[in-house]
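One chain, subunit A, links the two complexes that follow: it is found with subunit B in the first and with subunit C in the second.
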Partner chain A sequence: MASVTLKHIEKIYPAQDKPDGKQNLRISEEGVHAVEDFNLEIKDQEFIVLVGPSGCGKSTTLRMIAGLESISRGDLYIDGTLMNNVPPKERDISMVFQNYALYPHMTVQENMEFPLKLRKTPKEEIRRRVQEAAEMLEIKDLLKRKPGALSGGQRQRVAIGRAIVRHPKVLLMDEPLSNLDAKLRNQMRAEIIQLRKQLKTTFIYVTHDQTEAMTLGDRIVIMKDGVIQQIGTPEEVYDHPTNLFVAGFIGVPKMNFFKGTLLKTGTEYKVEIEDVIFPLPKDACKTLVSSGTLVQDVIIGVRPENILLMQTESLTQSGSTAKAQPLPTQPANAGLRALPGTADVSELMGATVQLHFTACDGDRTAVIPALQWESMQLQPGQPLAFSFRGSDIHLFSETSGKSLLREPEKV
Partner chain B sequence: MNHSSSRISRIRNVFSATEPYLYLVPSILIFSIFLFWPFFKTIYLSFYKTNKLGQAKLFVGIGNYKELFQSSAFINSLYVTLVFVIIVVSISMLLGLIGAILCNKTFPGIRFFSTAYALPMAIASSSAAMIFRIMLHPSIGIVNKLLHLNINWLADPRYALVLVAILTGWLNSGIDFLYFSAGLASIDETIYERASVDGAGPVRQFVHLTLPGLSPILFYTIVVNIIQAFQSFGQVKILTQGGPGDATNLIVYSIYRDAFFNYRFGSAAAESVILFVIIMCLTLLMF
Partner chain C sequence: MSTLTKEEIDHLKNTANAKALQRRRLKTSALLITNVIFAFLILLPLLYAVSIAFMPSGELFSTEMNLLPKHPTLTNFRDALQKVPLFRFVLNSFIVAGLITIGQIISCSLAAFSFSFLNFKGKEVLFMLLMATMMIPGEATIISNYLTVSGWGWLDSYHVLIIPYLTSAMGIFLFRQFYKSFPISLYESAMIDGCSNIRFIFRILLPLTKSAIGAMAVYTFINAWNMYMWPLLVTGSQQMRTVQIGISMLNSVDAQSMTLMIAGVVIIILPSISIFIIGQKQLIRGMFSGAVKG
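Here is the complex of A and B:
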């Protein structure tokens, strides 16, 4: 139970030690900047998820908090105490590693007892805590076995078990689920949510999987090339991504991006994509007015589930301004302007169908309910029309990639 | 027509049945000439008194063995060998292990150090012994010069055995370094990180993680080292010739002396058989 504060934390590797596959990191005279100006205030018992593509510095940040990696610049506080030069064992943290890091020659029980024995915890207490953790994670039957005799899922439970027996101030998890298969991962994810309710400790969790981030985190920190892109609750980062990267990274399938132009008449803003005009809703206009946004080229982002497919009659005859008829199963879409496209493959996901289609010189994705799909059954190559509501539009500057619809950050 | 085709198929059958053995013939031949034949001949000789040409002349049964176990020289030789083996194995394993642990981290120049620690493997024992002899020379040797001493190291029964053992230990440490390096590389790096978060210092990490992680290879290395140490010969021949007195008269050297100085081939053969039995017992015991 503790708060963790990171102030202007940086990690700089000597240039010759540059880790492979990290081409986009900034390189200065000092070396390679793996993490840059990382600021974060983690509250007691908060569940923070660091998420980003591989090489974005999320694991490095976690390892700096653990003390496994030295901090090049900035200050790290745990419960108000400066921890920069405190060795890992004195930070009162626990860590779960991606490859479990169980001691192969010790039984599960010995593995769990080890950190307590090192701290000279009384024997009775050790027994009680191991039993408690084993019960919580349902690994009581495995206590006498060695890690080699366990399945991946069981090993991960043991790894978590040995991390929680110590009742650490902060529990660090470095991609704990990425070695598990999809089904087991979902199950363990649910169990981590359960565990979190029982443990009352601060969690810092690293993952590259945005689903894990969205489902587990109280707040998500999205990183790219060593720089924080956005910090926010799952809803915030999903509904109001600050830039193109976050918009594309959070959400499956990926957000669709269209090139367009932002137009202005009085206090009304509109976007134009390939001669089709979409008016923006009032609150969006308000934001744009208050930030004094000018007419400019923009990127328009629309989530696949917000794409509305329409039936087309004779798309080829009337050209790009198709006469689109709303589908009977959809809410009244009258008045929406439609863009033309060509259907590619479709994937049935169960309750929904992911339709890939080509439109506006690019591959697009739409997610539609399976019921609605049954009534249209577009074959690859068939023409289609699609649209979206003005309120579902995300707007980004084409030059900077930053969101135009977010209020300027309050400093 | 039919007749000849059946003959061909029969020949083919015979060939396919014998084919695997044909491939084994060359190596069996070499083993037989240089290993099995001398081995059985040695056992045979150990039951005979021989003439100076090494030909079996008089069957004495276990007479040679009886004599050996009544001879204080042979008992001494066994004792010396035992002490020698213990020193050699301890030194070589320790040197190899320390070197491997030091070289387990990457840093600039690591290749140079790795090569340096593995090098003794590539040095012939006799040439190393020659260098050692010069270093230990009572008047011009660097050891006496550096220590400001005046000791005839190799002629002093107190030092001779230990010095030969140190040299042998160093020579054998190269291969141990390789074994231990391989063993250390197979230990998962993250368990050390976990241990440091758990609160284990370097000593505890070594005792609780490194040693258990090395234990399979440790065991194998001990066996190989013991066998190797028992068979040391070149360095004794060059440094001390078994002396002073019988202070460094290891079994292998004693066999050599019995056979080629004293021309007692029967007795030497019996000693060889005893050495073989000792090594075999140790190996079986270990596995």
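Here is the complex of A and C:
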């Protein structure tokens, strides 16, 4: 129940303590920069997810908020109070660890009572709060057991229970679900969403799993090599990634990237991929005009679910510029230009099929409905044609990797 | 080619099975017999000592080979107890070894805690310095230690036997190794929960490292029980003697009574053997927990 503000937060480790396998981080005379210039304003009761590949500094940032790591530079405020040098126990936060960190010699009940006892809460109040949390997490039957006798999912519930009994201002979670199997992870994810509604506290959640980030967060902070790449709602980061890294990181399967050229005729912009021209929609052109974007080499990103597969009969006759016919299950796309490719393997995911194919000198992925897949009867090695709508195109500068379609004020 | 009947197949199977079983049994029994022989050889001096303790001294000094007493007697034990205040020595040794054990566990676990959980400047250097003291043999410092305590007028007292041994580099090192395998997130979790360091040590760390403490306790107790040089140097009166010195007094009082001395030895090794047997499981688990679990 508090706001958290991070201003120009940095973490610099002495160079000799540099953890192995972190060559990606910037090294200066001061040492290794694990987190660089981290600015974030977290509102009261907001659910913030820090996401990024391992070694990107997300856990370090969380641990700085918790007070487990010292802050090398910058200011951390919780509810307007400067917290840089306040010990963890006085920050009124609680934390759920990846490996649960339950006290193995205490029962579940004692584990949950422990933080309250340390704060000298009256006995009645302790009992009430533990009961309340146990009910919320459905672990009432487990109170007398020791952590060793619990399954992974139950332990994680107890760990969450221990974190919430104190009614902390901020609840920190460090990859809490990554030790669970896939099914349990989905279930716990749903429960965390549920819990969040009941708790009315500020959540800061660290994960490397973009699905968790997308489903849980009000806002997502995407990090790489200690630097924030983008902050935004799940929709924003999915629909308008600021750079190639975010575009590739968010979304499963990964976005397809094609090399191409941005062409301009008057106020009209087009992209050209292997001699096939795709016009860009009007609002994209407007953005490009207003930012004064010039003709240049670009990287075109298209999400797998936006790839449209087409029948190939006509394609084989007259090459890539042939008018490919849309399949009956797709909306009318007549007039779309198509690119050629070769089918590789397909993975049936249930309602959809992930098709891997080779096109434009690279491996590409398309996600198509299973029904359509059946009607196509495409075998590995067979040629195919694909296309996409101009409105589904993400455009990135080839030199800087930054998005060309984001309006300047949003960046 | 003739085909085998079902009976023949069964028969072949059974004989093969029986052979394998027999071979395994043979292996096990060979191993067992070898072990018993070696155990017996190693235990022989001890067993012989127990046997001598029950012999009248005439039997020991005969020309015949006497492994077992022909006329077992308890007089040796009675004489040993009468000659010197053996019970007093045992009591002294218990007090000294017990307090040293408790002291070392407390001081070493606290020191090891700060070496493994806290971050402070010069931690590594300090630890190296501590480890370096392990390389100085005790005999090298014993005289200067003696001069120090005698200067303080501490000679011939309990505290001179106990206080110099209240901590040990070895103990700190052992505990630190145990704590290294302790999950750091438990400490961090306790910190966030609002736990102080002292509380963390007594409520969480110590209960969870019982096996380490057990191993340390047994090791320290036996070492303290067997202490010889230092007690010999700093104690003079019978009131303050520990068993190891007491037993050598049996030697000087009646130089030739071997049986008497051995009876005394048997009395005093009983406590240390029983401590070892009680703590054996803990000791082995503790000594190897770091190595095996990784």
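Rule of thumb we're sticking to: the second predicted complex is superposed on the first by the 398 of 411 C-alpha atoms of A that agree within 3 Å, B and C clash if a C-alpha of one lies under 4 Å from a C-alpha of the other, contacts with A are read in each partner's own complex, and residues count from 1 in each chain.
The criterion applied here is as follows: a residue touches a chain if its C-beta (ideal position, glycine included) is under 8 Å from a C-beta of that chain, and two chains touch if they have at least 3 such contacts.
These numbers come from a predicted model, not from an experiment.
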| request: Check subunit A with both subunit B and subunit C modelled on it and let me know: fit or clash. | output: clash
| request: Determine, under the contact definition given at the top, whether A:101 touches first (subunit B), second (subunit C), both, or neither. | output: both
| field | First (subunit B), second (subunit C), both or neither touched by A:89 | value | both
| query | First (subunit B), second (subunit C), both or neither: which does A:367 touch? | reply | neither
| field | Touched partner set for A:184, first subunit B, second subunit C, both or neither | value | neither
| request: For A:119, select first, second, both or neither according to whether it touches subunit B, subunit C, the two together, or no partner. | output: both
| Is A:263 in contact with subunit B, with subunit C, with both, or with neither (first, second, both, neither)? | neither
| request: Check whether A:199 is in contact with subunit B, with subunit C, with both or with neither, and answer first, second, both or neither. | output: neither
| note | Both subunit B and subunit C touch subunit A at residues 66-68, 87-89, 93-95, 97, 99, 101, 103-105, 114-115, 118-119, 166
| message | Per the contact definition, I'd like the list of subunit A residues that touch subunit C in the complex. | response | 66-68, 87-89, 93-95, 97-99, 101, 103-105, 114-115, 118-119, 162, 166
| note | subunit C contacts subunit A in the complex at 183, 185-186, 188-195, 199, 204, 207-208
| remark: Listed in rising order, subunit A residues that touch subunit B in their complex are 66-68, 87-89, 91, 93-95, 97, 99, 101-106, 114-115, 118-119, 166
| request: Could you please specify the touching residues of subunit B with respect to subunit A in the complex? | output: 188, 190-191, 193-201, 204, 208-209, 212-213, 215
